[in-house]
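Just so it is clear, A, B and C label the chains in written order, and each chain counts residues from 1 on its own.
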Amino acid sequence: MKFVWFLLGRLLQLVPVLIGITAVAFLLLRVMPGDPATLMLGARGNAEDIAALTRQLGLDRPLLQQYVGFLGDVATGSFGLSIASRRAVGAELLDRLGPTLALVGLSTLIAVALTVPLALLSAVRRGRWADHAIKLVFIAAMSMPAFWLGLLLVLLLSIAVPVFPVSGYGDGFLGHLHHLVLPSLVIGLGTAALTIRALRSSIIGVLGADYIDTARAKGLPERSVLWRHVLRNSLMSSISILAVHTSWVIGGTVVVETVFGIPGLGHLLVSSIAARDYPVVQGLTVTFALLVVAINLLADVAYVAVDPRLTLS
Amino acid sequence: MSALGANWWKRGAGNRNLQVGLAMLAVLLLAGAIGPWLVRWDPIEIDFAVALQRPGAAHPFGTDELGRDVLARVLAATFVDLKVVAVCVVLPFFIGSLIGLASGYYGGWFDLALMRLVDILLAFPHYVLVIAIVGSLGPGIANLYLAFALVVWISFARIVRAEVLVARRAEYAQAARLLGYGHARVMLRHILPNVITPAIIFMMSDVVLTILAVTSLGFLGLGIQPPTPEWGLMIAEGRTFLQDAWWISVFPGLAIVYVGITFTVLGEGLDDFLRPKG
Amino acid sequence: MFSRATVLLSGVLAIVLALCGAQAATAATLRLGVAADALSTDPIASSDNPSIWTQLLLYDQLVRPSRDGTRLEPGIAESWRVSADGKEYEFKLRANAKFSNGEPVTAQDVEYSLRRAAGEKSQWGRFFRPITEYRVVDARTIVMRLDTPFTPMLNNLAMFSASILPAKLVESQGPAFFDKPVGSGPFVLTQWARGQKQTLVKNPHYWEAGKPRLDGLTVEILPEDNSRVLKLKAGELDAIIGIPFNQVDGLKGDPNVAVGVVNAFRTDLVQLNTTKKPFDDVRVRQALNYAVDKGPIVQNILRGNGSIANSPLPLMAHHNADLKPYPYDVDKAKALLAAAGYPNGFKTSMLVAGGDATARQVAAVLQSSLKRVGVEVELQNIESSSQFGTTKAGNFEMSLSRASSDTIDPDQLIGFLVVNPERANAYHTQWKDDRINELYALERRTLEGEERGRMFKEIEQRAHEGAPFIFLYRQSLTFAHRKNVSGFTLMRTSNYDLRDVDIR
């Protein structure tokens, strides 16, 4: 029961944030030079056609009216119509959501798979050769631009040695997986670079904690100490550390999807910015923010569900 | 010098990260400053006769599709990118620190409003906001500065505010107020020097994040304009030729990695130097 | 006499052979790789090429361009008659023309579709409003009347925006119709995963007997040039379009791949804003044309896949073959600049669509060339989709861009490129030539023939001399397919016609 209240409390806290998100997203795109109707008509429009399109898209109404309209649309779950394809923005977003979620999911898995063992190793072998080596490798990894690392991986693992596809999303579950390996590796490596340090510190803290000494004093074998207490606590920390870096992972999809031609939300952001498709860009900024908020909420819930002692008062 | 604390030279001498970081930075700045003079090729001149040549004696980094020497371009791009990154880091640093300072010090509704705003903006992935702003305003350096200033100040504000909340209760701050110094003076001359350290250290990692962001924008065509050499732009231009001329894209990337490593190491060294532990 | 075993064996053999035969008769599905996805299947709401090309697979028009792009041939109309005064058109539709749902294509459908194309909501209204009256004579015959003769009319009816739609379905379904469009064209769109793939199947009711030979088609959207080429080489795709010029030779060397090149109705040029100094002086504009060495651009950037342009028009009907392009002459350029009052050149800027790799390279070369005569050009990167709006608003000095024609008659493109006042005012250069305007009005009323051809040639000559653009080149379109694919080619209007494609 306490849990339900906690959840409701969190959701309520989010309301002003959500409204704020829509305001920011809306204002963001009104600082524009250039006229969308002209751009959409391509190489063949004239004055009357543009005026007609402007009226059609509602771009001639005062700013406040446009915002209210926007809020109303968002509340009913619609984001208006895409200027380029004349379809509901919501539909465009839904089409692209799958690949992005898959990419984020696989990237997170790779990040976790890299982070937990390597952070553990670094913490346990602190100050020794392994710790330094891992640190060096990931300092370099963190400094690599995602688009460059992507191209490098393509060069090595798609062109030189054709193991993975150069780009695209493929067909069917296995096809998708095959196509997502390289892009997820790019995001996963970059994320791991950030999370390994954080988890390492957390584990070092835990290793020095009282109850570990108690466990050792009780005569429990070292391995058991490690596995039962340290690992469990480090997994908890992992959740919160990863949640903190969600923003980074989701932001990373923008460039990675563009480089690998994955038809997800990030790719859509780049192409709709290029096309000056305002409704879609607006919908996307809100969606990205919502994704971050949602994942953070999920992490909070997971955290509390795993260890109810941590329910915030 | 007293601000650096006692024994600053000794601390510096023993700090390997700081030394390596500073050395790498020196190499970087030297490469950017005199590198273009040492390499005899013009980074912008077109010469189809030598297009797409492999790295070799005459062109250590090869040539691109228009016959331009890649090494010359990578070196020429150094200060181009560093200059932009510097502004995109320092501007938010100033804005964010001042706002964080005021917010933590005054508290009240100003602080509350600010924290709400920060919560909202935190929900957006930084990069999404930056690219949306730059994409809307159009490519161009001024718009880049504006976008980063609008988005990154939050990080600095949070860091400084957290420190200020602790510091304003400290004895020296109370003492200053009792002596009758005005708020502004207390904030700027007494508190600020003591809270700025974490922000300075964060600046180093921010440089790494910013160089990645700026070159990403260049890659997407939203950053610095051609034919000015810029690392991200060069990587994008080389993409079409990845199969036959990998060097066009690979070397600028290595330069970016070098900058990243430099400032990461420097950041760690600075951290140990400014905040010696135990 | 024949043992039971023999009979059984023969029977089995016969069945097996029949099956094999059936397999061979079952043509495969063509897997085509393209760079960008269509946005819409609505002919009156599209102006982007991918949408246009998809629509040309789904729908028919009354007439259509011939394979070689030199004349119009019957489409859904099997014959037509134009009155002597050019004000009345009568079309007779084919008896066997059917939509993919089996319904016949009627004159009512034609009227509905063309009224829609001329209507308020249509981006292409202007092209069809000359038709002032429609008269449905019977289910297969329709008459259209114009107030004044308009020679390009037939030509406009071959455009994608004049596609014939099933009136009843569009009326009843509204915008939802375009999610599952029904047309009389050779293919039907069955599945569309936006941004990823289109799946099409053969229209069982298509009027052209034996066509299309394919059973189906999948169009894969792969924006990355390299990946399209690699997939074709690996056999994961059967055909691709849009090959980067530097990869053409590499592909030609592959034993399983055939590369094709088509001279499309496309022109690449630099727009010069004649309302801004010094571009108001024709000597300056001509000087710029003399200052740029176009040969190396075609040779090194296009790798020979194109030709130097002598005018802003692509190679279309009635083109002026006697007109020589501006030769590369730096001294002449400098002399002209000096005569115009700029002996030391001047500073200016140029818009470039940064996302286009070829445009980037050409811009770099232009900048370098013009520097030699003292003209310092600052390059301004712009998103290709906002370039048009920016030049239209007049916010430019020079702009590197292109123009192409969807029709085989030069009227559409001339009106766009060199006529002022018109919808684009000489493609935003605001250049005005009264004689050209005069000829333009005249050619639209003149019946097709020598006379009309002379008018176009004179228009082209005058455009060449007035030089409101730096004329660059006419690039070829590239495509490639695996050797077991036959009949794949690009039309000069840039789209792909798949009726004759077969896979062995």
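Heads up, the rule we're going with is that a residue touches a chain if its C-beta (ideal position, glycine included) is under 8 Å from a C-beta of that chain, and two chains touch if they have at least 3 such contacts.
Predicted, not measured: the structure shown is a model, and the values here were computed from it.
In terms of C-beta pairs in contact, the better-connected of the chain pairs A-C and A-B is A-B.
The most central chain, judged by the distance from its Cα centroid to the centroid of all protein Cα atoms shown, is A. Taking the mean Cα position of each chain as its centre, C sits at the greatest distance from subunit B. Rounded to whole angstrom, the centroid-to-centroid distance between subunit B and subunit C, based on C-alpha atoms, equals 46 Å.
The distance from the centre of subunit A to the centre of subunit C, each centre being the mean of the chain's C-alpha atoms, comes to 40 Å.
With centres taken as mean Cα positions, subunit B sits 23 Å from subunit A. Chain contacts: subunit A has residues 34, 159, 273-274 touching two or more partner chains.
In subunit C, the residues touching two or more other chains are 226, 355, 383, 386.
Shared contact sites, meaning residues of subunit B that touch two or more other chains, fall at 138, 239, 242-243. Across the complex, subunit A is touched by residues 116-117, 119-129, 131-133, 135-138, 208, 212, 215-216, 219-220, 232, 235-236, 239, 242-243, 246, 249-250, 252-253, 256-261, 264-265 of subunit B. By the touch criterion given at the top, residues 44-46, 48, 51, 65-66, 138-139, 221, 225-227, 237, 239-244 of subunit B touch subunit C in their complex.
Taken together, the subunit C residues at the contact with subunit B in this complex read 225-226, 244, 246-247, 250, 296, 299-300, 352, 354-355, 357, 360-361, 363-365, 367-368, 379-383, 386.
Interface of subunit A with subunit B (complex): residues 16-17, 20-21, 24, 28-29, 31-34, 139-140, 142-149, 151-152, 154-155, 159, 247-248, 250-252, 254-255, 258, 269-270, 273-274, 281, 284-285, 288-290, 292-293. Put simply, subunit C touches subunit A in their complex at residues 39-40, 42, 45, 47-48, 120-121, 123-126, 175, 193-196, 220-224, 226-227, 230-231, 234, 355, 383-386, 388-390, 392-393, 403, 416, 423-424.
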